[in-house]
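Each in structure tokens, the structures are laid out below.
Below, chain A partners chain B and then partners chain C, in two separate complexes.
Entry: the complex of A and B
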């Protein structure tokens, strides 16, 4: 085997190994915003967010949403800047949570008009190691269906305290969705569906007895 | 020096001894042996390459292998996170009439992606793709398949949570899902559809 051929083979296999890791094959994100000035501004906004430790994926998605919706460059720029601001607010309100899912959910809730203090209340309802992304998503959805935020928060935090799983809380959101689509008043739908989920949960005494000490509530 | 040259000398000697009808020229043999003996010790890289027992490729072959590898890497870029075990899923949404239909994982828990089916009934469309916060609203990233009935469909694994999406028809027309609730859009003023995904 000649030295030349061996080196060639080695180089080919090294390239094959590198390209087998798809993440390494990705180049920098190029935003297809036609307005060059707006594109630079958006990319700077995303870079600033990254420098502040915020997740950039939701911001890229927000910019791409604008592109797909054929928004002007200026509007995309404003939307991305607003999204970055909401992500930062969510991070403060949900501290110490830092997961992308939780921050994104928090930012979406703020975008739809959920008061920031309610995000704090949801964060406080579960131990910090447990993600509150789903309860926040359900709160957002219930508010989007026309239920007053305070009423929705009350039902969700009661379910959280009673030991409902994220899926059980999510099922509340989808059931209310379906009921409202079928013509039921949003408040009535929430009340009846919350009762339904509650009936699946153990009694407060049993939940308190079986919960880990960090989850027990006075 | 190591055993290598001694073995080589022995092989040369035995070959010369076994050669029928030939009388080796002692001077030539001595010259050959001295060249072998005095040759410089190969570098560490050379010894490592000599010890390497993998068939070599020609220049064209190596180029082809590298090209295929790069192409495969390009095609699969960004796909690592989405590769989750798709089995075993059980359809649960279809019985309740909920759309988009979700196929929940029975074993992967609350945070595992849930296979979710999207459907759009548009027999006149030439192309339909799904865009949403789960695929960065990338047009063409998630194309739907047209069935003979004219119904378009695609199933994608989505992380649990609330997702906003729409259908992009013929690369230009953004339409909401008639089967799903609507989502407002303060940023761009064009509403989308909402799906709540969770393990059932």
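Entry: the complex of A and C
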């Protein structure tokens, strides 16, 4: 077995084992937090989120991150409560979307300072049955790279309006990353790459004509 | 000041550092060894060295404190305490401000008895592979009842290539501490109230895992008030013998430092350093040791490859949200630790750490703050 295969196998085994660790939304969650008082508080926070109809997977992941990073029980509790609050905000902003991926993406965007109004704009740019998780993720990545949120949103919504696929939008972030690594300013890299993706897309008129009627939200 | 009071000052600084260390898991190091000191006009002296170094990082800043004592029976004694903060800017991740203060007491055969206080402020611009800085500092010395003042400004830059570091700097110092200058065998210009020195310095450093080797060359010349024109070369190195024990050695010329009231001397040292606490080895440089590459897969998503450039004696861990933040097993390939994971399209957060140090973002990923005072790297897979 090649070294490459061996690593992949090891990682697959590791992922398989960790995916079985937390009881994701199936019965009570038991988290490996040493501080018993904090553990109970975190579990209660997660139960409350579940009762409000919020996805618990991101909250369990947040708690596990805190455990791995050796955060205090109190800090994990605060982090999980904050994450639950952001999920609730994301649900309101992205309504009627309720998928775990979209709410998680929305909450993560809010966490790095993306204004809530921008999430609404992204939701409005695509039909409701189409997931906006990927455009929000790319917006989050671009903002984290230091690109002004307004500029990043503009480029992403133009691509969405022109009929870009999630994969094409995601490749925008990857290309910007490569350009930044090569020394280009993040803002300039976004400009160049967005133009590159757009050159592959149909014209605005053709995109509008091909969009099924009644799917676009006002 | 006598050797006894210098020792008391050191004990006080050690007690303060250790008391603070007891409240949190900081990086604490103790160093003890031997020094041989040669100064103009004096016979060589043997001295004992003792030092304590304590470092505590928090969410937004890092506090460094250290105390050290150099002591020889023939009145060569000095104790020094330093506290410094490194504060990264919230608004721009490339900016960092360092500031701090140092206090010293001494009883030196070449430069009398007294005390010294100094402070510094330095602004850094830091990229992954290079950086720039400029700063200013001021110091006051009281020696045998005479008070002197010194000021300095410096600017410089550094760059890194693999395990090599190099820096160049220019500094100017203005002082009326004539005794330091005269103790180095230099002449005072008639009627000059103060003197001004200009130092050009080049430093080259190699770091391989926990081991370090450093060489510096300094060219000092007088700008005003004296006829100083001197070169200084110094070498130093550290060899990590085990998880907690390192051997350190240095040799070379230490030029006089008016800010901290240090006299010029040729010094050879050999010492051992013991690391305490949960971080026994020096933590690797942030974010510079790990890099992510993506290899698109025909069936969608990508294979994420994370490479960590670190010595094989270091304990390197990688965790991410796709592993529910459980550390992933890594394998050694050449000089690097490697892990590869096949992932579907989506957004992922990744953290890397060496030797139980802070979790950091791989250097080529966007960095986001986590909710635990650290950071993660963010990547979106098409």
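As a convention for this text, the second predicted complex is superposed on the first by the 186 of 218 C-alpha atoms of A that agree within 3 Å, B and C clash if a C-alpha of one lies under 4 Å from a C-alpha of the other, contacts with A are read in each partner's own complex, and residues count from 1 in each chain.
Basically, contacts are C-beta pairs under 8 Å (C-beta built on N, C-alpha and C of every residue); 3 or more make two chains touch, one makes a residue touch a chain.
Since this is a predicted model, take the numbers as computed values, not measurements.
*Asks:* Looking at the overlay, what does A:111 touch: chain B (first), chain C (second), both, or neither?
*Replies:* A:111: touches chain B and chain C.
*Asks:* Which chain A residues come up in both lists, the one for chain B and the one for chain C?
*Replies:* On chain A, the residues that contact chain B in one structure and chain C in the other are 3, 6-8, 11-12, 15, 18-19, 21-22, 60-62, 64-69, 71, 75, 78-79, 82-83, 101, 105, 108, 111-112, 133-134, 137-138, 140-141, 144-145, 166-167, 170-171, 173-174, 177, 181.
*Asks:* Taking the complex as given, what residues does chain A use to touch chain C?
*Replies:* Interface residues on the chain A side: 3-4, 6-8, 10-12, 14-15, 17-19, 21-22, 60-62, 64-69, 71, 75-76, 78-79, 82-83, 101, 105, 108, 111-112, 133-134, 137-138, 140-142, 144-146, 166-168, 170-171, 173-174, 177, 181.
*Asks:* Within the complex, which stretch of chain C touches chain A?
*Replies:* 93, 294, 303, 319, 321-329, 331, 333, 338-342, 345-347, 351, 359, 364-374, 378-382
*Asks:* Looking at the complex, which residues from chain A come into contact with chain B?
*Replies:* For chain A paired with chain B, touching residues are 1-3, 5-9, 11-13, 15-16, 18-26, 57-58, 60-62, 64-69, 71, 75, 78-79, 82-83, 101, 105, 108, 111-112, 131, 133-134, 137-138, 140-141, 144-145, 165-167, 170-171, 173-174, 177-178, 180-181.
*Asks:* Considering only the defined contacts, which chain B positions touch chain A in the complex?
*Replies:* Touch list, chain B to chain A: 46, 49, 52, 54-59, 61-63, 65-66, 68-70, 72-74, 76-80, 96, 98, 110-111, 131, 133, 136-139, 159-162, 168, 174, 181, 183-188, 190, 194, 196-200.
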